[in-house]
Amino acid sequence: MTFSERFSTMWAPVLFSLAAVGCSGAPAPGPSAGQPIRLALNWLPEPEFGGFYEGVLGGHYERAGFAVEIIPGGPGAPTLELLASGQAEVAISAGDDLLVKRSRGVQALGVWAAFQNTPMGLMVHAESPVLRIEDVPAGAEIAIEVGGPFQTFLWARQGWEGKVKALPAAGSVGPFLADPARIQQAYITSEPCVARGKGAEVRFLGAGEVGWNPYGTLVAVADPAPAWTDDFVAATQAAWEAYMADPARANAEIARKNPELSAEILSCVTEAQRPFLVGEDGLGALRPERFDAMASTLSSLGLLPPGATGAAAMRPRGAAQP
Amino acid sequence: MSVERTPSVGQPDRAATAPAVRFVGLGLRWAGAAAPLIDGLDLELPAGRVSALVGASGCGKSTLLRLAAGLLAPSAGEVRLEGPPLGPGGRAFVFQSPNLLAWRTVEDNVSLPLQLQGRSEPAAVEAALSAVGLLGARALLPRALSGGMRMRVSLARALVTRPSLLLLDEPFGALDAITRRSLHGVFAAAWAERGATVLMVTHDIEEAVLLADRVVVLGGQPLSVRAVRDIPGDRPRPDSARYAPAAIEAVRALEAAL
Amino acid sequence: MSGTPARSMALPAAVAVGVLVAWAGLASRLPEVLLPGPISVAHAVVDRWELLGRSALSTAGSAGLGLLIGSAVGLGLGVGFLWSRALELAVYPYALLLQTLPVVAVAPLLVVWLGYGAPVAVASAALVSFFPMLTAAHVGLLGVDPEQVELFRLYGASRLQELRWLRAPSALPAVFAGLRTAAGLSVIGAIVGEFVGSNGEPPSLGYLVLRSARSADTALTFAAVIAAACLAGVVYWAARTAEARLIGPWHPGQGGGRA
């Protein structure tokens, strides 16, 4: 365990409850009438959150009685912690993150997911002989978030321990572009399009194909779920469907919020992420079996206690209020 | 020669306000030390006079001075100041190094003791500066001064509260011979004017005989009085007084006691 | 040391020219995504001047406020340690521990407590500048000539008088040495805080570094890094100027001391 993990394991529940005591004032009423919702993103404004922006701009949330304020995130955005401490009503997270945080005392429930298949994976140059993740040869080097759950999973499941070298990823595609043999961790929503924008031909190898497939852009609310949950989920579904049909308005807003994204990258990402959003079950669906499978994967990696299950971390659509 | 004049040392009228210093059964033992540094020392130093404490370096004479200043508490016996009680600033100490505050001008260094008592007396500062001949340097910072000038500032700082007990710890020890001689005159004149009780520690017997009314030779462990000798003659004495036969004889006798 | 104005300008300028030439030479052999040349960085600076300026101001504000808070706490605790040995024994180990606290590890906590962006940067800058100031105050306030303390005691000076007229001024050289370290660190601290705890609102240098690296805009990364270096330079220069003004006249080796 790294220091930071140990730190958060030991202290996070204590600190979060302190924070909750300090910050649990009633949310201030939003500018427009309706149930105020602070929606905390787990990354900077990018197309992977396009539907939420469409929900605000297209009035989907307002019509359903919500006044939604989107709070952008950044590296390590503690969205579930913000939810737990009452500073957000909706947190965007990922399937694995939700399970791990729940095991550490954060009371949150997954209710909807945009990415049916994880946007995470590996990126190689188009001319690379590596066609699938299983093809990565012994002696290769991969720039990856060292110690992260994906890296832990890959090395354990692919038998790479002692064979493949993990290099700390610096969050830049520069070294990748300079080295045709380079393999790098990537999100379909980011690095491949940046690399293409710089003139490189790349191949994206999705993590879902080798069995690492947590839901992405997972909408989480407090557990037990608030009364407005079903209405919010329905509005979110409608908003995302509208975004998939016509991303122009939301993408313009994203470009305004995040001027570093060029128009080319925006449209590249919007197209590239499409298949990952829909998946097999369709946009927004959640299946308890997948949470259980993720929980058992995390258990086997030592990231959750042995025998952990995941189904309780989600709430089926339309479940009756207790 | 002044040494041979009638022994009417000091100014009796002013001496009435200055204390005599009496060490009674004085003892001092550093924490953890095997033997006491001072054990049962009795010594009287007269009011309104200059007494020089002489001894080999490291014998404990500076410690005795700190006891007299109240900077150290004795482990046995007491230091009695016999006379009218000392008011604030009634006691002044001149260290071997001038210990000036580097960020204050000469004038502000001299006025420090007054300032610490919430007093502002420009006239007293002026008088003290004038007594040591530093009126022209009042606006300078210490780093612009020579060693001798710094020592004079230190003396002016000690004089500014008009103390009736003045304690000096080898004030000339760190100076070259020529500067030292020129300062002897300044110091002696300043004391003579004020009639304070002066205790001066030195390791230079000749200096002691020139400046003091009473010379006490100290030595040994525990510290004991080896010799006491009164030096007759008015102060301040000219520098040439050190060559008078009586002075030379006194130096010889005291050296023998060292 | 000689310090004629002409030489003190010419020497760093010569180094700057040398570095620029070496940089341009190296950049011409490497792809831009690895090392952009001085010209393209200059272009980035000119083109993105407004964004860089706003980001630098935001970072400067965070660094400055963090430095102020870190200094106030550090100096205050230094005085506390001077007056209370018990406080020193009780708190010093934790102050030491705080110094080793990686901002990266606690950034999510800081976000939860303080919110995204500037507050995290301020806290991070305060965290890194606090310790050098505490150490400087601690060493400076205790490192007084014992005879000068005796002098003050002899005249019955109060603790406050002793602090105000003796210990504080005599600690100034150490405090300024600490401030020079802390000033540079505060800029780095703010940028690290922005790097891990910013969501781009408002833009800041740390956010620009992060964002431009993600989009492989290395010229902008370099421009942001150069802006950060300029910022550190300005903060250092300000600390140095204050130092020369306040203690230069009496403290040898500072400012005027070299003339």
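Just so it is clear, A, B and C label the chains in written order, and each chain counts residues from 1 on its own.
The rule is simple: a residue touches a chain if its C-beta (ideal position, glycine included) is under 8 Å from a C-beta of that chain, and two chains touch if they have at least 3 such contacts.
Predicted, not measured: the structure shown is a model, and the values here were computed from it.
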item	value
Touch-based graph of the chains, sorted into line, ring, star, complete or other	line
Per-chain Cα centre nearest the global Cα centre, belonging to chain	C
Remotest chain, subunit B as reference, centres from CA atoms	A
Interchain centroid distance [CA atoms averaged], subunit B/subunit C, Å	49
Centroid distance [mean C-alpha coordinates] between subunit B and subunit A, Å	82
Centroid spacing, where centroids are CA-atom means, of subunit A and subunit C in whole angstrom	36
Subunit A residues within the subunit C interface of the complex	3-4, 7-8, 12, 15-16, 19, 22-23, 41, 44-45, 71-78, 81-82, 85, 87, 170-175, 177-178, 190-191, 194-195, 197-198, 257-262, 265
Of all residues in subunit C, those that touch subunit B in their complex	145, 147-148, 150-157, 161, 165-166, 169-170, 172, 247, 249-252
For the subunit C and subunit A complex, residues of the former touching the latter	30-31, 33-34, 51, 102, 104-109, 111-113, 115-116, 195-201, 207, 210-218, 220-221
Subunit B - residues contacting subunit C, complex	66, 69-71, 88-89, 91-93, 95, 97, 99, 101-103, 112-113, 115-117, 141-143, 161
